[in-house]
Amino acid sequence: MKSREPGDEDAGLPAGTEQSDLELVRRAQQNERGAFDLLVLKYQHKVIKLVARLLRDPTEAEDVAQEAFVKAYRALGSFRGDSAFYTWLYRIAVNTARNSIASRQRRPLDYEVELSESEQNNVAARLKHDDTPEATVLSEEIRQTVNEAIELLPEDLRTAIVLREIEGLSYEEIATAMDCPVGTVRSRIFRAREAIDRALKPLLD
Amino acid sequence: MTDQIREQLSALLDGELPRDEMGLLMRRLDKDPELRRTFGNYALIGETLRAPGGRIAAPSLAARVSAAIGEAPAIVGKTSTAGPAATVELPQHVALWKRPIVRTALAASAAVTAVLLIRPDVTQVAQLEVTPASSFAMSASPTPAQSQRLAGYLVAHSQFSTPMVRRNLLSSLLAADPGITRVSYEMGQAP
Amino acid sequence: MSRAAVCVAACLLAFSARAEDDARAWIERMSESLATRNYDGLFTHSTGRQAETMRIVHRVDNGKSFERLVSLDGSGREIVRTREEVHAYLPDRRVVIVEPRGDDGSLLKSLPTPGPALDRNYQLAVGPKGGRLLGREVRVIDVRPKDIYRYGYRLWLDEDTAMPLQSIVTNGIGNPIEVIRFTQLQMKDRIPAHDIEPTVDATGFQWIRTGRKLAAMPQLPSNGGWRPLRLPPGFRLVASRLQPIPGSPMPAQHLIFSDGIAAISIFIEPGAQTGPRPPETSSMGSANAYSTSVHGHVVTAIGEVPAATVREIANSVVPVEGFEVPADSPASSAR
């Protein structure tokens, strides 16, 4: 990457999530299967969203996502960590989606401007009559549940989780911002997640 | 204490779990599907906050991946017991300022809510009034992202920034950056 | 307090006031240099995930500014600001995005004049003389936000030209989120016109162009009929305009707010006929955007401020009372 000049002010960025991902990758590379499972659990929603956008037929998203993850697992030996894991996974997912489209001989859905209005309506209609309509409705309920649960949280828990999930601050940065120890930050974020998870349980069971 | 374990899960998701605690946690996760589900739910919460609505993965996806991998051979090729050491150069973060200004903002009691509620400037009385926080008004159904529209917005917006900020914004547009972790927006990024 | 103490206190106050003026003056000089001089340079743009090298060519001719930015590694993307338009060439997508230039290209208008209200929201500081970067003498300017709704800046300005040899965007805690550093910079007396021409071969690219002629809009109040109920302190409406949208006769309403350093845009456009979109957060470098649906319209807030800020602002946008939210049919605009 870039070389450092002596006396340069270090302009680095917090890399907690990336280091943690790399650690999981390292373990997976040493055949700790549970480690790769965690990476799937962490990024599955992102990959599904990404793939669903690229495919003309969103009902294929689950299959393509699964294929992408399997490809990633098989290629894990060649991942050297010079980019973030998700960056690497992202490229694999996009390629997998592209190949699946090519094999069905359709044009990739890159820019919505290419769709005529009637085509847009068709896509929407298909989404409504999805093979998994529950997934669509469920995601909306999840959104509402999460938002309501967040609003009900006590101030300090809500602040902590918002700074973490939306602003992407590290625990240390949040501790500075909230003027409390790092351990308190970790506990607050955990309690916030627990409260929201409890609210989600009836939906996801 | 299962609470303690779940707190470790929460820290793991944020990349804040000390390495030496990972081993035990991983072994627990291997044995306990409930713990894995919890981890998945925590990840889902984050995704929902950053990009509410839209598709989510079906609960069966992780299991299907696991099953499919079970049929695949174990990883071959470059593995090293030492881990991906030499080539990984992650920058360390360095605070530029010793005394963070934000502490004063958050110290005020009302300001703790400031993360979600921005107080209006009283000098703009003609335009603004104080309102209570409202939850999201609209229900949403998934449609494809209008990513290139956002690029157009960014360019239009940049015309009104100061010259330096405009240059920064346009540079960001030039940079290929597909690995934005907290974002659901994928504009113009080539694999 | 003794007279001496009062005097000392007064002197310190005067000194710090002068220091703030000093910082403001440096920032104005910097903006003026960036906007009015001819230069050609290479810089690295990094967000911690990766660093990219880019070239910038800035040309001033007959009181108008032109500019070309190109990524030299990675994407190969290029942005050219011509007299009338901004062209963004995306070879990885084989697409050119064309936007009309919001300003008229004239130099005076492009210079911001951060007012005295700036001090209410930012703390400005100038470092001592004697710093060096790239073999040049530089001064370090600190622009620290006083709240968590905006970003801060640390600038290394060339002592002679006030060009920002290095600039770092920082979050509310002082941690860097974007770094732009020149590795080469030439100030020139003149720049040949062809240096501003794009180098990307755009044959076969799709041109995504917004409509030239907008359908006549019904009379709108100066804020366009929409307003955000919540804005961080110090942000004022500085402009209101229409933003044409590709493939649509109805433009988006574009409101621009600024606190003198940061700008936030709010775009309101008619929603898709297929129904409201889910809200989305996006970020590019130090810019964040948040889109959500309000009354059948899509509201997007975008700016060089933290994500939570644009989210709150977008979520607080409402139609102005008494203003009829326009239906998105071309018929309503045929006057």
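By written order: A, B and C. Residues from 1 in each chain.
Rule of thumb we're sticking to: a contact is a pair of C-beta atoms (placed from the backbone, for glycine too) under 8 Å apart; a residue touches a chain by one contact, two chains touch by 3 or more.
All values derive from a computational prediction rather than experimental measurement.
Comparing mean CA positions across the assembly, the chain most remote from subunit A is C.
In terms of Cα centroid distance from the overall Cα mean, chain B ranks first. Distance from the subunit A centre to the subunit B centre is 7 Å, each centre being the mean of its Cα atoms.
Between the CA-based centres of subunit A and subunit C the separation comes to 28 Å, rounded to the whole angstrom. Inter-chain spacing, taken between the CA centroids of subunit B and subunit C, is 24 Å. Across the assembly, subunit C contributes residues 47-50, 93, 95, 148, 168, 172-173, 175-176, 208, 246, 272, 274-275, 278, 281, 307-308 that each touch 2 or more other chains.
For subunit B, residues touching at least two other chains, in rising order: 50-54, 91, 93-96, 100, 102, 106, 115-116, 136, 139-143, 145-146, 148, 179, 182, 184, 189.
Residue positions 1, 11-15, 83-84, 87, 111, 113, 120, 123-124, 143, 162, 166, 176-177 of subunit A are each in touch with at least two other chains.
Within the complex formed with subunit C, the subunit B residues making contact are 50-54, 91, 93-97, 100-102, 104-106, 114-121, 124, 127-129, 131, 134, 136-143, 145-146, 148-157, 159-165, 167-177, 179-180, 182-185, 187-190.
Here subunit A touches subunit C in the complex through residues 1-2, 11-15, 83-84, 87, 110-111, 113, 117, 120-121, 123-124, 143, 162, 166-167, 169, 173, 176-177, going by the rule given at the top. By the touch rule above, subunit C contacts subunit A in their complex via residues 44, 46-51, 93, 95, 148, 168, 171-173, 175-177, 179, 181, 206, 208, 246-247, 272-275, 278, 281, 306-308, 311.
Residues of subunit A that touch subunit B in their complex: 1, 9-23, 25-38, 40-50, 52-53, 58, 61-62, 65-66, 69-70, 73-74, 76-84, 86-88, 90-92, 94-95, 98, 109, 111-113, 120, 123-124, 127-128, 132, 135-136, 138-140, 142-144, 146-148, 150-151, 155-156, 158-159, 161-166, 168, 170-171, 176-179, 186-187, 189-190, 193-194, 196-197, 200, 204. On subunit B, the positions that touch subunit A within their shared complex are 6-7, 10-17, 19, 22, 26-27, 29-30, 36, 38-59, 61-62, 64-66, 68-69, 72, 74-79, 81, 83-84, 87-96, 100, 102-103, 106-107, 112-113, 115-116, 133, 135-136, 139-148, 178-179, 181-182, 184, 186, 189, 191.
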